[in-house]
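What follows is subunit A paired twice: with subunit B in the first complex and subunit C in the second.
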Partner chain A sequence: MIDIMYDILKNLDRRWIFLLMFLSVGIPILFQLQFPEKPTGLAKAVFKEIENLDEGDRVLLAWDFEPATEGELGPMATAFALHCCKKKVKMYFLSLLPVGPQMIDETISGIVEKDFPDLVYGQDYVNLGYKSGYEGVIKVIITDLRGLYSTDARGTNIDQIPMCQDVESVQDMDLILSVSGSYPGTKEWVQYAATPYPDKVRIVAGCTGVQSPLLYPYIPEQLPGLLGAIKGAAEYEKLVVKKYGGLEPDPIYQEGIRRMGPQLVAHVLMIVLIVVGNIVYFMQRARGERT
Partner chain B sequence: MKRTIPLLITAIGGFALIVAFFIPETEGWGEVAAIWFDILASIAFILGGGNLLKIHLKKISDRPAGWGYSVVTVIAFLITLTIGFLKIGSPPATRQEYFGESFAPLRLSAFPDSQVTRRPGQIPVKADGAPLPASVREQLSQENGQIAFRGWMAPTQKRDLSNFQDELEWQCAVETLFAEAQPPESLSGKVRYDADHGALGFAGIMQESERDALLAMESGPEWQQAVGRLFEQSRAKHIVVATSFPENLSIPESLADAVSVDAQDNTITVTGPLSTSQRDALARQFPIAHPVAGERRRELRGEIEKRGSSFTDAQEKTFEKTLDGTWTPQQLRTVLDGAGKAAEQDKTACEMFAEKTAGVRDIEPTKTVGEDTTLNEAQVALLTRFADDPDASPGQLIDDLKAAGTFTGGQVAALNSFIASIPTVGQRNKDLCFALLRAGPLTQDQRDLLFADDRAQHSWRVTVGELFAAAHVPKYEWSGEYREQGSPFWWMFEYAFKPLTATMFAMLAFYVASAAFRAFRAKNVEASLLLGTAFIILLGQTFAGVLLTSWLPESLSGLRINNLTVYIMSVFNTAGNRAIMIGIALGIASTSLKVLLGVDRSYLGSGDD
Partner chain C sequence: MKRETLIWTLLLVLGGGFLAYRAMSSGVGSIYVQEIDGVEREARGVDVVAGTAVLSWSRTGGTWVAALFTLCIFSFLYKDNPFYKFAESVVIGVSAAYWMVVGLWSVIIPNLLGKIFPAWVQSWAMPGLSPLREQGWFWNIIPLVLGVMLLWRLAPKGGWIARWPLALIIGTTAGIRLVGFMQADFLSQIRNSILPLVVTIDGTFDFWTSMQNGLMLVGILTCLVYFFFSIEHKGVVGKVANVGIWYLMITFGAAFGFTVMGRIALLAQRLEFLFDDWLWLIDPAGKRIGF
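And then the complex of A and B:
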């Protein structure tokens, strides 16, 4: 029996693994598998930074992600937008990625316009759109916003937008919220905005799982709070929904928690696969076979 | 020179950024260098596009294995570029369009001299040398001790000009100038001149008498041509085929000249452009939902139940609750009484200037206009009767209210606004249908009954929308967003780019799983440590970590997987990453210096000067 199993596993076609992965993600989605979330310190720190803002404070929302990473970052972007709308802060959206404007559009049409119709464009939120230049853009707008943004994404002169009239640079923002999936992203915002002006610029961020280990060195001085991947989004969602979601929160604001179900099963599958792979490896060694 | 110039640009740009970072006074140098960098970065997109084409066209030409992918890439690139760049299928931006108006180009110099307004006065000179507001700079001038304004002044121009100098005398002069710099009374509110856009505009249909009045202002060919063009544009006819007409279709009085219906051919004709308020007035052909109570409520319920099963308990409650939630005559009375209160109005600058000249010290900026007007008993009774009569029309109500007592213009506006906010019978029935469906089942007949009015309403709104679009002549064809919802670019992004990139990223999960099974082996101590860490992080990133070790006592809570994950990330990971980052930073510093000093020229490629 062991030998049969050994032979099967040793020569296991990778398509079976693909199928297992498909089922481990598909079944929890189908059955809406959900688990409780306990917010960690970093998620609480992010929540606290936004909670500390007063009505009318300025928040820069840097949406530096694209459809490829939307699965990981979309829920936290949604939760950030909900939190900002509830806090009634002034939201300045921008992106350093060419497809970032579409991500901003989704947040504005799906959250701000849909659930907060009383917020007025130009007074409560503005879309500054995309600018090419990667970290070069941050380098300029940190001292001179108008140096690059003479208009918003709609082509309206920035001086005619009430909420932009007294903003000279990013240093006038009370907080930067960076959601990033690649380069340029949170790392660049930390290096070129928060680090040179530690007394004026505060930043918290949400990033992909791959990026988060690279951002830990900046915590907590340069980056007080960080949401890592869908796990971080789920923890933060829990905090936001608990305070602002009401009795029957809209499912759109619990997307991170929902996506944690498939993640759990997929992670367990990965562990099982690694364990099984190592059992096969040690059996091969014990039998003197080529590994 | 081929290598020296790039070397110089690199060195100057690099050193400017370094100096700007350390010396605050030179911060501007860094900004300029960074702005140049951003401009060059955007140009790099063009080079990137060219390079993409070059590489893939070569592949297509050489036909190596997989050249078909290059064909797909090139086609996708060209289609995206063309559709996005030319904004194919993107409608003009509504916020930049002027609905209900026709335009003809006209230079400011061709504007009639007879319409130049002059009045004695001096344009103030600001101590800081600030120029006049941009919106009036071209049109306002000082001529022989007089202020001259060429064109007709718009309210926004008046505001900008008033804000130019915060003195009552100047603001009063601006008010006077604004009042004088207007078109003749017969054309007031219809014709305007927009100097920024260099265009003469006309709202609605231009009558022959109005054309003649405009032509008489100036004999210059450019003016005559612009007026002629406006006359033609404002009288252009557009025909739309309607699927059906509302039962009691009545064309609003304001559109009597512009809209005509041919019920036999099922066509509707519009002359000239329609404004959004005209469009809404034409679309509003359906009765508003009056409160439904008593016998009428029972009748409505009976009618619904007759077409299917009886309501469940939950549906019965929903039915009552939905119909109880409509408006009441008391609400309408409160609104009208509120609108009848004497209004606080800002005083004009001339009024305040007169007070100041008369020696008033504490000038109040506002004044009370009119007297408080509340509805009398007869008017209140009319409101109740209006609510109870589903066939009563708002127009008749206004006439009756005026006949029964004092009824101000503000109250008329408030009444119209209140009526506009009331859902129509179709909308109410549709909402009722959805509410009942949430509480229980409805048969198809019942649904059809409740949706019938809304369907007719929707069909008419679509027809009016088509008519509105046909009558509109876009002023800025290209003003729409390339990614406007519904545009071809938007479709490509939503239904090709987005799912494809998401799929590519998601497929990583499959390959990582396969790789983990085959390659993640505890071959030695280092690999075993890596494996153990991976287990902890993988479990710690899910609820499984909490679940597996939650039994550990508080004294050993540090060993719980979720806490171990945080510990590993914040201690081992941070320490390792910081070491790497410091090393990279030192490497960048030395490499950058070599590049800036011209020691390392490898980035320039090979080749001699």
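And then the complex of A and C:
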């Protein structure tokens, strides 16, 4: 029996593993499996930073992600927007990625305009759109916003937008919320905004799983809070929904929590595959089939 | 008939049959819209039943195209095939064109032409732009000239002219990044690593924070020793370097775990799209209540 299993596993076609992964992610989605989330320190730190803001404070929302990472970052962007709207802060959206404006539009139309119709464009929120130049953009706007942004994304002169009139640079923001999927992203905001101006610029972020290990060294001095991947998004959602979601929270504010169901099952599968792969490897060595 | 051809044919027939059944029995992939305050928004099932929403052919077509392209990309997991190649080529072509158009409208027109010829640009492209030239506008002629020089490489002769602006780009980028890394990743990291090994809070010894700081210090020192190649890794140095290797392996393991989590989240989002927006098998956001 062991020999038969060994032979099957040794020659297993990788496509069976793909099929198993598909089922382990697909079945929990179909049955909408959900598991309880307990917020950890970093999610609480992000939540606290936004909670500490007062009504009318300025928040820069750097939406540096694209459709390729929307699955991970979309839920945290949604939760950030909900939290900012509830806190009644002034929101300045911008992106350093060419596809970022679509992500901003999605947040504005799907959250701000839909659920907070009282908020007025130009007074409560503004879309500054995309600017090319990678970290060069941060380098310029950290001292001179108008050096690059003469108009907003709709083509309105920035001096005619009430909430932009007394903003000279990013240093006038009370907090930067960076949602980052690739380069440029949170790392560049930390390098060129938060680090050179530690007394004036505060930043918290949400990033992809791939980026998380690169950003942990900045915690807590340069980056007080970080939401790592979908797990961070789910923890933060839990905190926001608990305080602001009401008795029956809208399901769009629980996307992260929903996506943790397939995560758990798929991770169990990954662990099983790693264990089985190692058993086969050591069996091969014991039988002298591999040196 | 070959085995693989048979499997493909069966899959296509079964998939097509299922789609036809779903299309006839419900309205799979259909997107309904309604106008609210002059803005077209996605409608819910109850709005469709109430007769206030209409079928959007463009959004429905978009959903079907997105779903079919997703399946084309997934098909690569079985093996390379023409469907995958087609989807890949379309993505590359569309991305290149998109970048070009975005670059033109977000950089060249507002930040270059808009600064040199503001009245002209205002008349046909950006009505919100001020028609008056800013002080020092003539500095923008330099990037214009450099841009033309960069495009010179497309000319049959004088390709070397493009090397000058290219050298400037490489030099400035290297300079900017050097300063950023020196400040944020070198000096600040050294400062952040100087932590007390014995932490007390209100006169009470904080065991966990002290241990955390101690582990971090050991990790930094042992990893530095591992990367110190001027002394042979033997004896005490070898043992310390081995501890460094353990730290590095744990870091790589954590990074791998985060990457797996990220990739599963992306797969979950795609499957959610297929099951929810396209096939109407699930409805987590309650969009189709009433159908």
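As a convention for this text, the second predicted complex is superposed on the first by the 290 of 291 C-alpha atoms of A that agree within 3 Å, B and C clash if a C-alpha of one lies under 4 Å from a C-alpha of the other, contacts with A are read in each partner's own complex, and residues count from 1 in each chain.
As a working rule, a contact is a pair of C-beta atoms (placed from the backbone, for glycine too) under 8 Å apart; a residue touches a chain by one contact, two chains touch by 3 or more.
Small disclaimer: the values here were computed from a predicted structure and weren't measured.
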Open item on the list: Looking at A:Thr195 after the superposition, I want to know if it touches subunit B, subunit C, both of them or none. Which is it: first, second, both, neither?
Closed with: second
Open item on the list: Taking the superposition on A as described, I'd like to know which of subunit B and subunit C A:Glu221 touches: first, second, both or neither.
Closed with: second
Open item on the list: Contacts for A:Thr69 in the overlay, against subunit B (first) and subunit C (second): which applies, first, second, both or neither?
Closed with: both
- [ ] Classify the contacts of A:Met283 with the two partner chains as first (subunit B alone), second (subunit C alone), both, or neither.
- [x] neither
- [ ] Determine, under the contact definition given at the top, whether A:Leu20 touches first (subunit B), second (subunit C), both, or neither.
- [x] first
TODO: Could you tell me if A:Leu33 is touching subunit B, subunit C, both of them or neither one (first, second, both, neither)?
DONE: neither
TODO: Considering only the touch criterion stated at the top, classify A:Leu119 as touching first (subunit B), second (subunit C), both, or neither.
DONE: neither
TODO: Please work out whether A:His267 is in contact with subunit B alone, subunit C alone, both, or neither, and reply first, second, both or neither.
DONE: both
- [ ] Using the superposition on A, tell me which residues of subunit A are in contact with subunit B and, in the other complex, with subunit C.
- [x] 18, 21-22, 25, 68-71, 99, 109, 131-133, 136, 139, 148, 154-155, 196, 209, 212-213, 217, 229, 231, 263, 266-267, 270
Task: Footprint of subunit A on subunit C - complex, ascending - done: 37, 39, 41, 77-78, 98-99, 102-103, 106-107, 110-111, 114-115, 126-130, 176-177, 180-181, 183-185, 188-189, 191-192, 251, 254-255, 257-272, 275, 281-282, 284-286
Open item on the list: Touching residues of subunit A toward subunit B in the complex: what are they?
Closed with: 12, 14, 17-18, 20-22, 25, 35-38, 40-41, 66-71, 99, 101-102, 105, 109, 131-134, 136-137, 139-140, 143-144, 147-148, 154-155, 196, 209, 212-214, 216-217, 219, 229, 231, 260, 263-264, 266-271, 273-274, 276-278, 281, 291
TODO: Flag every residue of subunit A that touches subunit C in the complex, lowest number first.
DONE: 15, 18, 21-22, 25-26, 29-30, 32, 68-72, 74, 98-99, 109, 113-114, 117, 129-133, 135-136, 139, 148, 150-152, 154-157, 159-160, 188, 190-192, 194-196, 208-210, 212-213, 217-218, 221-222, 228-231, 250-252, 258-259, 262-263, 266-267, 270
TODO: Sort out for me which residues of subunit B touch subunit A in the complex.
DONE: 17, 21, 27, 30-31, 34-35, 37-38, 41-42, 44-45, 93, 95-96, 479, 481, 483, 485, 493, 497-499, 501-502, 504-506, 509-510, 512-514, 516-518, 520-523, 531, 534-535, 538-539, 541-544, 546, 562, 566, 569-570, 573-574, 577-578, 581
